[in-house]
Every structure is written in C-alpha cells, then in structure tokens.
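Just so it is clear, A, B, C, D and E label the chains in written order, and each chain counts residues from 1 on its own.
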Amino acid sequence: MENLVQDAIQNVNMAAIMPSFILVLFGMAVMMVTVFSPKGKTAHISWVSIAGLVITAFVAFGGWNANEVGFHGSVVMDNFATFFNMTFIVAAILTILMSDDYIQREGYPLGEYYALILFTTAGAMWMASGTDLLTIFLGLEVLSVSLYVLAGMFRNQLRSNEAGLKYFFLGAFSTGFLLYGVALLFGVTGTTNLQGIADAFASGETMLDNSMAVAGMILLGTGFLFKIAAAPFHMWTPDVYQGAPTPITAFMSAGPKAAAFAAFVRVFSVSLESMQVEWTSMLWILAVLTMIVGNVIAISQDNIKRMLAYSSIAHAGYAMVGMAAANEIGLSGILFYMLAYTFMNMGAFAVLVLAGKKGEENLTLEGFSGFGYRRPFLGVAMTIFLFSLMGIPPTAGFAGKFYIFAGALKADLVWLAVIGVLNSAVSLYYYLRVMVYMYFRDPSEDFGWVKMNVATTASIILAIVGVLLLGILPGPVMELAKLSLF
Amino acid sequence: MTPVSLSNNWPLFLTTMIVKILVVFVVLILIVAYATWVERKVIGHMQTRLGPMETGWHGLLQPIADGLKLFFKEDIIPSQASKFTFVLAPMMLLVPAFITFAVVPFGPDIEIGGYLVTQQIADLNVGVLYVLAMAGLGAYGIVLAGWSSNSKYSLLGGIRSTAQMISYELAAGLSIVAVFMLAETLSLREIVMLQREPLWGVVDFLPNWYVFSQPLAFGLFVVASLAEINRVPFDLPEAETELVSGFCTEYSSMKYALFFMAEYANMVVISAIAATLFLGGWSGPFPGFINLLIKIFAFMFFFIWLRATFPRVRYDQLMKLGWKIMLPLGLVNIALTAVVVILMQ
Amino acid sequence: MVTVYHYLVLSAILFSLGTLGVLTRRNAIVVFMCIELMLNAVNLSFISLSSFLGNVDGQIFVFFVMTVAAAEAAVGLALIIAFYRNKESIEVDEVSLLKW
Amino acid sequence: MLDSYLPILVLIGIALAFALGCVVLSGLVGMRKPGKVKLSPYECGLPPVGTAREKFPIKFYLVAVAFIVFDLEVVFMYPWSVVFKKLGLFGAATMGFFIFVLVIGFIYDWKKGALEWE
Amino acid sequence: MTDHLLSLMTFFPILGILFLLFIPKDNEGLLKSFTLVVTLVVFLISLPLAFDDVFKNSAGFHYTEFAEWISVGNYFQMNYNIGVDGISLWLVVLTTFIMPITVLSTWNAVEKNVKGFMALMLLLETAMLGAFISLDLFLFYIFWELMLIPMYFMIGIWGGGRRIYAAVKFFLYTAVGSLLMLVAIIYVYYMAAQSGVPFENGFSITHFYSLNIAPELQTWLFLAFAFSFAIKVPMFPVHTWLPDAHTEAPTAGSVILAAILLKMGTYGYLRFAMPLFPDATFKFIPFLSVLAVIGIIYGALVAMVQEDVKKLVAYSSVSHLGFVMLGLFAMNLQGFSGGMIQMINHGISTGALFLIVGFIYERRHTRLIVEFGGLAKQMPIFATIFMIVTLSSIGLPGTNGFVGEFLILMGAFESELRWFAVFATSGVIFAAVYMLWMFQRVMFGELDNPANQKLKDLNAREIALMLPLLLFVFWIGVCPNTFFEKMNPALDNMIQQIKGKQMAQVEIVDTTVAKNDYLLK
C-alpha cells in the first residue's frame, strides 16, 4: 500500500497537464468573477479569459520537445499535443474576441459563456494529450458537456434550444458507442492504455477473440466519426451549427473537431496500428463519402451559416484523406490542415458575426447582396477566407490541401487524391456564389448592419494574418507539424 | 478449537438466518406499534394531558385498536389516480425502512456448536452505502405517492418532501464521511468493534465512541436524518395544517397505516444507525442487544420530545439550513478531520 | 455456470435495446433514458470484464462513466426543460425548426 | 458473497409480504361503497379545480440537479475516506483540491441564487 | 540590380497596390495615372531583357534567381526559382508592354470602383509575369491559380449583362483543370524523388525534364496537364468559356485575356506538358492536332456568323490559337518559332482589335455590326488603324500575322501533319473572309444610322495607345528576325530535348517499367 502511494506520488508529474490545469483554474476564476460582478457586464470577463489563454499558450509552448509523461502514462505532453494545444488556444482566443459584443447584442451577457469556452478548451487539450482511453474519454466529455450548454446558451431562442438539444442527444449517443468500443478493447487487451493496447496486439496475448477487437475498433471509430462530423454520422452538424450562437459554431467547427481528430489519430495510429489495413480501407470510403455529402449538399444551401456547416463536413472529409493515407505526410498534414482550417473558418464566421443583426437574421445569400460594397473591409476579409476554404493559393487552405493530398499520393492513393481535388472543384461553386452575391449583385436595401467593434475586428484581422501567413510562408509551421508526429 | 464461519454448513446457516430475521422483524414491528402509543402518552403528559387511557390499562391496547380500525376501513383509490403507483407507493416507503435494519449489528459474535454466529442479519463490507441506498429509496415512495394520487396537496407535499430528503441526504452522507476517515471501514460491525476500544487509545475510562471524536458529525447526522424522515420540526411534507398531511392526503385504511408505520420504522432505523455509528452500537454494560435497544429508545424519546417542543420550520428556512449551513459544515468537518489526522501521524 | 460471456451478451442486448430506443422513441425524456441505458450496459460489461481479467481499471472507468453520466443528465435535463419552456412539448418530432 | 446478501433478499421478501398482506387483506375485509364525490380528490370539500398534474416551480428542479452533482462527489469521498490514513498527506492534498473545486461550484450555485427560496 | 531584375519586375505591381490603397477612392484620375506609371515602370524594368543579346546564342535560363521557400523535412521542398529563356522572354515583354496600354484604355471605360479595378490589374500583372518566369512547378502553379482571382472579379464586377454567368464559368473551367494538374504535379514530384533527383531541387522543371517516366504513366500525367492547359488555350471542346468571358469582360479585361492569359495555355504546353512527357505527347499529337484544326475551322466559321463584333473577335482568337497549337505539334523549328511568334502576334493584333471594339463601344454602347456602317467617312483615323489591325489579323504579308501563320503552315507541311496543314490553310482564307466582311459592314457603305453621324474620331490618348501596337505589327511583319534570333536557340534546344528524350525512352523503357511498376504499386 505505502509503496503504491509512493508510486502514485512519483507518477503525478503535473508538468504533463500544466496547460489544461492552468486553463481550468482560470475557468473557475472566471466563474467566480462572474458571480461577483454586476449583471450584464462581461467585457472584463472576456479579457480575463483571454489573459488566461495567453498565459496557457506560453506554458503550452513550453511543452515543445518536453515529452512529459504523467499519471502512469495516461497523459503525455509531447509535440503532437503541443501543436494541437496551440490550435485550440488560437480557436478559443478568436472565439472569445468575436463573442463579447455578440452576446451583448443578442441579450445574453453571461460570464459562464467564457468559463465554458475555457473548460471546452481544457477538455480538448486532454483529448490531444491523453494516452489512455480513460483520459481521452474524460477530455471528450468535458469538451462535449460544455459545448452542449454553449450550443443551447440562448435560452429563449428556440433555434438555440434545438441546437443544444440535438447536439446533446447525438453527442451522448455517440459517447455510448465510443465507450462500448473502449470496453471491448479493454476486454480484449486487458488495458486502456494506448501503448499497452498496442503491445497486447503486437504480442498477440489477447484475452478474448480478435473479432471483438475489430468490433471495438469500429465502435470506437464511430464515436470519433460522430465528433468530427463525418458522413454518415454528420446529420447533427448542419442543424447544430445553424442553431448555435455564431461564435460557438465557429468554435465547434474548429476546436472540438481538431480535438476529435487529435484523439482519433493518436488512438488509431498508436494502439490500433496492427489493424491499419482494416481502418485505412474503411476511412478511404468514409472520406470519399464525407467529402461528397458535404460538398453536394452545401451547393443547395442558401443560408450561409448552414452552407459553412456542410462545408465543414467536407473539410473533415479532406482531413480524413490524410488519415486514410496513414503515412507521416498525411498525418502531419492533418495537424497543419486543422490549424489552417481554424484560421479560415473562424475568420469566415467572425465576418458572419458582424454581418448578421440581432436574432441572427440576414445570413442568407440574399442578405449578402452587395455586402462587399456596404462593408468593404468585411467583404475583402470574407473573400480571402472563402478563397482559402476553396484552396486557392496563396492561402492557408491551399497549403493545407496540398499537404494532405501530397500525403495521399505518397501512399499511392491516387484516386482518393483525384476525388479529393474534384470535390474541392465542386466546392468552388458554392463558395463562389457567396462572392457573386457580395460583389456582383447590387446592394439590397439597408439591413441595419451591426456596428463594427474592436474585438471582433481584431479577431478577423488575426484570422487574415494567419491565413495569408500559412499560405505564403507555410514552411515553418509545416515543419512543426512534421516534428509533431509521435 | 477456533470457531468456523457458518457458510460451511448451509442448513445451520439457513436456520440461524431465518431465526435472526424473524426475531428482528417482530421486534421492529412491536417497537413501531408501541412507539405510536409512547409518543401519544409522552406528548400527552408533556402537555399535562393523559393521552389514551380507554383501551386497556393506560390505553396499552391503543395501537392494536388503531390497527384494527384502519384494517377494516374502506380502502379508497381516487378516480384518475394512477392505480399501480398509488398502491406501490406506501410499500416503496415501508420496505426500505424495514430492510435497512439488516446491516445493524445488535450484539457480539457468539459461538454455537463450534460455529461462529454473527448477531447481525447481514454483515456487508459496504454496510453504510447500503443504508444510504435504502434511505434514498424512501424518497421514491413519497414522490410516487404524491404524484399518483392526483391531488394538488399530495403533489406539492410529495415534491417538497423529495427536495427535502435529497437535500438532507447530502448532508447526512457528508457528515458520516468523517467517521469512516477514522474507522477506515464501511462495515458497521467493524465500526462497532473499533468503538469498544478506549477513547483515542489513551483515555481508558471512556469508550472510543465517535460521538466524542466527531461531535459535529454526530449533530449533523442526527439533524439531517430527522429531516430525511420528515419528523418534526421538519415534517413539512405531511404538514397537516397547510397541506392536509401532504402526500398521504388521499390515502386511507391500511395504506395510510403503512405510511404511518414507515415513519416510525424509519425513526427506529436511524436511531439504530446513529447509535451504531456514534454511540458504540451494542457495546455497553449490558448484554449486547439491550444496550442497543436502550440507545434506540433514548433517541426515540428525544425525537418525541422534539416534536412536543419545536414548531415547524418554514420551507425556505429548511432549505437554507440544509444547503447553506449543514453542507458547508459537513465539508469543513471533513477538512478538519483530515488536518487533525495528518497532524497526529 | 455464469461466465463473462453471459455478462457480455447481456450488456450487448441492453446496449442494442438502448440504441433501438434512441432511434425509435419520440419522447425526449425516454430517449434520454435510453441513452443512459446504453451507458449502463457499457458499465456492466466493464465491470464483468474487469472481474474476469482481475484488474480494476475497468471499475475505475465505471466510476468516471457514472460521474460523467450524471453531469450529462444534469445538462441534458436542463436543455430539455429550456426547450419545453419555449415549445410546451418534449416530443423530438417537434424539434423541427431546423431541418432534422 | 451470497451468504451476505441472501439474508437481505429474504428480508425484503418478508417485508414485502407483510406490506402486501396488510393491503390485500384489508382490501378484502374492508367495506367499499365508492361514490363520485368520495373518489374525487380532496380540495377542502369543494369540487376539485383543474388537474393536479401541473407545472411546479423550477426551484425543485435546480435542487435536484445540484443534488445529482454533489451526491456524486460524495460518492467519490467514500472510497477515499476508507483508505485516507494510508494515503496520508498525498491523499489529503488530492481530496483537498477535489473539495476546492467542489466548493467553487458550491459558491457559484449559492451566488447564482440556486439555493434561495421564496 | 540585374540579379534581382525579374523579382523586381514581378513584384513591383504588388508594391504599387500597397501605395494605391492610400489614394482616396474618389480621385479617379490620380488612381489611373498612378497605375499607368507603375505599369510603365515595370515595362522599363523589363526592357533590359529585350535588348540582352545573351539569348541569341544560349538556350539556357538567364537572370535566374534561387531561394529556398518552403522546406518540410524530407517531405517536400518548394523553391523560389525563376528565370527566363528565349521562350518566356518575349511573352514577359509582351505582358509588360500590353499592360500600360490596357491601363490607358480604361480611362473612360471604367467608372465604378476604379480603385478596386486598378488594384486587380496590378495583381494580375504580377501573377502573369510570375507564371511566365517561374522555373519551379509549384511556384508556377501558385501564380497560375493566382491569375484567376483578379480576372474573375474583373469580369464579374465590371462586366456586361451576363457577367456573373461568364465569370463563374471562367473560374470553374480553369480551376477544375488546374486542380487535376496539381495532382499530376505532386505525382511527378514523387517520381522525381524516387529516381533520385536531389531533394533540395524541389519542383524545378529543369530537373524534371531529365526524368524518364514509363509511357503508360506519362499518358495519365500528360492528360492531366494537357487538359488544364487546353482549357486555357482554349482548344476546341473546352473553349466555350472563352466567348462568354470575352464578350462580358470590360475592354481592358478582354485585351489582357486575349493578349496574355490565353498564351498561358500554349506556353504551358511548350514549357511543361510536352518536354515532361514526350512519349505521351507524340502519342497524342494526332488527336490534339485534330482538335487544333477543328478549332481553327470551327472558330472561323462561327466567327463568320456573329452579329456582335466582340464575339466575332473572340471566336477569331479560338481560330488563331488553333494555329499556334498546330505549330507546336509540328515538332520542328519552323513550327515552334511560328507558334511562338504567332502567340505574340495574336497578343498584339487581337489585343488591338479588342481595343478598337472598345472604342466604338464607348461611343455607341453597342457592338452589333448592323448598328454600324460607313464609319470610315465619319472617323478616318479610326478607319486606318482598324484596317491595319484587321489586315495583320488576317495575316497579310508585311504584317506580323503573315510571318506567324506562314511559318506554322510550313512547319506543319514538313512534319507528318501535312494533311492537317491543308485543312488549316482553309482557316486562313476563312479568316480573311470574316474579318474583311465585318470590316466592310462596319466601316463602308453609306452612313445611314443617325446615331453614327456625330461619332467623334479617335482622340490623342486613343491614338497614343494604338500606335505602339501598330509599330509592332509592322516590326514583326518586316524584320521578325529581331525576335527569332533570341527565341530560336531555346526552341531548338527544346525540340532536341523532346525528340532526343523520346528516342532515349525507347531504349530504356524496359528498365523504367520496372521502377515505375514499383511506383504504381
């Protein structure tokens, strides 16, 4: 018993979870600040949260090359985790920047909003750095549960209610599958530690028969695929994305998706290596399906928010291409792509935040007629983001797609790559449509646009910088992504 | 020769088990029945009345009379009441009350024909969790009763009492954590054993009853359990004057009797648990179970006394007490215990 | 004699029942209970497996699953109630403002 | 295992039998003259108004949620309390942080007025 | 100076954009003149290239610059690797030369949102120059895609009635093609890595030239490239975006489109598709030549029946580009140099034609032939200029058009494409027919339409911007050698390379098959 305690003490190693730990502390601090500050004032809270995120960013970056292993090898702070942590932090900061004015305007000035964002980010970090199915599961749940609330934040908007409810139901549903998969893998290998599972498969000393392992893998995959909104588990995405508060939609499409990918990649490429043949072939099909579904349905959307939701499905598909390639380039391509996607997609949503008016109206294409002339800056910004989403150089989107498809071709998945580029050709159409409305249509009657405000504008500028930087000089970041593989 | 566990000899095991159960059950019912009588007498005298005097010597047969009367009463099930739950509810309340007693040890292990017989129906290693679980079940009985009888009073009473029960269940649960931190076990039997040693291992003229080392926990537990079984001053659910006796408004005849029994059974049970956790259970000068009975009766008298003395608290006061005072106190108590124990080591 | 497989089969059945319930039932609360059923089916297999393998990881996992389930319950019910207050109904068919 | 839980099963059986017995028997022997008025729910003698199954204050719900969460935290404390002495300072510190988080949540609840009545 | 000449030339417009942003958007005159200055400066910077004699006797790349751009471990590396040889030289100069003229032409044409328009012009110039000078496939691709964006907006915002349709069609066509090319590029890159091209060379085409790729693989890769370029050229089946784009685009847009963007396609064939995949090239020459000839004749015939002058010119360029392609497929020096010179001719004369159409459109806001007639009396200077340009576009001896078409046909006759040449020749005649017919209907006859009676003749600005073009019409027509002497070495070398490699391929094919099987898996 005593030596057990000693063992536990030696294995704690807070360094392995320091970023998320700080973030959680800040989250609680924000909660306290919220309850002790006058109702309806949230600006200072948002700044506290941003401060927290910045500090976390520094700490997290300290984790580069640190390879801290903690808690009996159930958490590790390696480059992989660090890279994703950075992505999450960027996403969170952008979200918070674009949020404050928005929630004031929509009439829900709640400090909890920020606390929940911080908790979500912390959960995402656990997912990225978890090396034990238990920690990954915990991270996933912390993330999801906070997101359920955030999606349903606007209590009296039926749209928001529905978004929350649907996200909750399908999220919990998928959690069930994930857990069942974990249980089966546990039964087969007798451990929930990723490396342990891998070793068990390698040494062939599995308790139950391997068909159960495959079943477990499929169920686990299902759980993750739900979270990354891959077809055929994407049904929740458009509704939730459309219904949730716009900044939260932006956040969902970037942070949690990246987190799900992080866990997905780690689990499958570390512990299920021995079954790579099976899951790559499965992902091949699913990636194609996802890209096609996302792009084709997006064409017929005339609500931009919903269109972006479907496009995010498609982008998940592109990232899955990298996963199906399952080689170094493809996997590190996912890392890079997620960061690029965070910038461009959140930028686009930030523009939507300033484009809509109270109650989220005029996010339709019609509402965007002549947008480029009424709001020149926003128009240009939106254009840049859309080109990036299309994958036109010199933008982050192009660099990301290049990286991913390069991975696919490296793995000789020529047809997958071809299907991929053809899909992005399809995607051109609906992205161009937005621009057509923004610039080629005469301004419709004035919609009483929301006033510009510093924070949101800042987030947009940040996103633009990110998109162009990653587009014109992607080298360093790509190098980082390369070094981030385990 | 050293005594061996009974489980190697099934026939004997079964017989002893049946015997124990029957004895406990009968005793429990007797206590419950006469608790009503005692209560009326005691309160009567406290209010300088005599209480029941007619049936039997000093109304000694009163409980029986009441029972018979209720037994022959018409059994009304209101229209639009959901029948099944309506019938189920009283049992949901009574059964947990009775079976909670299974884990209460009422004496030291005795040796019969070379076999070790525990004076306890079932010695669970998680006895306390079992107790809490049963206590939790009680809430269902009440909320079901309140909901199923399709009467506004019942519904309000039911919901109120549920809220009250869960609130205080929390406090009770927290308060006894401190005890386990000292006892390092969840088995009531072992807890009693530990309380037979001298206090803190040093003071040899006092037993190591946890009431001495955990007075705060004791107080919290007693109050919380009072509230949990809806006794005065926490008897809002059946507040006669405002809710026409709450969740059991629509009940009549034997079902009503069951609720009644359940209340007293609960009193007995929590007295027993409190005695076991804090007052050394069956340990004491006399043969085991007598000590236990004495402690139980003492508690019961105390409860009756409270009823005679205290007015009913307001609902907001009730909740305030539960959440804002007892819960923090419970946490503080745990922290204190932890600190002290660490310092002692 | 009852082997681990019996437990696994049982939990599989429970899990499938839960899944079916989620997919077929229309009352939000019932759907939610079905999800809980799924989680508890998983818990069952965890516990049986961990006793079969003789390592407690599974039981620890169950601990966390239970906690998480509780948190989900709290949030989920809150969402359902918020929806009910706006819509006066908890039929998931009514959740249709956005294309389902 | 079995020998510790079998008695409880038996006890449950007996208790149930007793409760059922009482109800059933009294139902058999008791007189029954049901009438519309008699079967209608009691509302101080007046004819009942509306249904009883109506909405009740959200407060109770809040209490329930708070209970779920806190009770689970308590559940975590039981295993800890049993081995607390062996864990020593380490265990105490761990649970200390646990309780700290709990208290944060509690303060939040309190300040948000989830515990206020009237 | 000279060692960064190309970079300076390429990115100077970007610099211009940065300054442009600070000019108030309502001060249109300043905006326009500023842009004009920028483009002129770029032209001046590019002049040293034109007068540099190094190209006369060396086929290699000059003014090269090399810088590591993106380098990701052992995954891939892209370099900023630029330079010009005899092939790209004249296209670069053509670009820098046409830009000021187009800017000048927008003086009255563009009213709304001048700032945006000028910025896009400059961006476009950078993209085009970059595409011509990049020696790194990846870099080329970047610029190639970058060209789409400004053109898309030019057509979409400042275009005519069906501008949205035209813009989207233009964008989709070209983007789809180039996306397939991207896949091919990456694939080629990996093959290069397999066959031991040093990593740090990145996507440098000079190294890719030396690759030996299994023929069956070449087929696919060539198709990917060829398809993308064919859209841009445009060759017959995929030409349909061109008439729309041309007719809807503003004058400046159509001029640039015709004069330079289309050359991207032919240039792509010459620089990438053919030398990289010689076997496939030879395999597809017959097929592609058929398309080219169809393009020539079909373009001519359709042009003949056009009501709209601009449409007519648009279709005429389909026909002309068909000639260019035919010249390239002839695979001999005459063909190549003819093709090259014809690219420039087409740039000059068709550009001039669009400008002319622009002039009358600005005056009458219609382009329908029936609306006009007898303009010659009303506006003599205009008539003369129009006449000269028409003749050059027909290919009258003494004008530039003649040189190009003559060489192309000669080359074709000498190669195994002579039967195609026969048909192609008919294209020349058709050209004469539709151009002259159009000219006669517009300029001669009696001036009956009252709207035409008060038409003003060309003003100083318009003459000024036409003169340089006319100058080149005759220069190339009279002494084309100025141009040939600098492009021929490179072209010759290119031909040797393609042919030689194709020969070499034949022997080593069996060895490569093994390697490429491995590549194919």
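The rule is short, and it goes like this: a contact is a pair of C-beta atoms (placed from the backbone, for glycine too) under 8 Å apart; a residue touches a chain by one contact, two chains touch by 3 or more.
Note that the coordinates shown come from a computational prediction; the quantities given were computed from them, not determined experimentally.
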| item | value |
| --- | --- |
| Topological distance between chain C and chain D, in contact steps | 1 |
Hypothetical removal of chain A, resulting connected chain groups: B, C, D | E
| item | value |
| --- | --- |
| More contacts between chains, A-C or A-E | A-C |
| Farthest chain (mean CA position) relative to chain B | E |
| Per-chain Cα centre nearest the global Cα centre, belonging to chain | A |
| Distance from the mean Cα position of chain E to that of chain A, given in whole angstrom | 43 |
| Where chain A and chain C are represented by their mean Cα positions, the distance between them in whole Å | 25 |
| Intercentroid distance (Cα basis), chain E paired with chain B, Å | 95 |
| Gap in Å, rounded to a whole number, between the CA centres of chain E and chain D | 82 |
| Residue numbers of chain E (touch at least two other chains) | none |
| Multi-partner residues of chain D (each touching 2 or more other chains) | 83, 86, 88 |
| For chain B, residues that touch 2 or more chains besides their own | none |
| All touching chain pairs, where touch follows the definition stated at the start | A-C, A-D, A-E, B-D, C-D |
| Residues of chain A that touch chain E when the two form their complex | 328-329, 332, 373, 387, 390, 392-394, 398, 402, 405-406, 409-410, 412, 414, 417-418, 421-422, 424-425, 428-429, 432, 435-436, 439-440, 473-475, 478-479, 482-483 |
| Of all residues in chain A, those that touch chain C in their complex | 134, 137-138, 141, 145, 148-149, 152, 155-156, 158-159, 161-166, 168-169, 172-173, 175-176, 179-180, 182-184, 186-187, 190-192, 207, 235, 238-239, 242-243 |
| Touch list for chain E against partner chain A, complex | 69-73, 75-76, 113, 141-142, 145-146, 148-149, 152-153, 156-157, 163-164, 167-168, 171-172, 175-176, 179-180, 182-183, 186-187, 190, 519-521 |
| Complex contact set, residues of chain D against chain A | 83, 86-88, 90-91, 101, 104, 107-108, 111-112 |
| Sites on chain D touched by chain B in the complex | 3-8, 10-12, 14-16, 18-20, 22-23, 25-27, 29-34, 36, 38-44, 48, 51-53, 56, 59-60, 63-64, 66-67, 70-71, 74, 77-78, 81-86, 88-89, 92, 95-96, 99, 102-103, 106, 110, 115-118 |
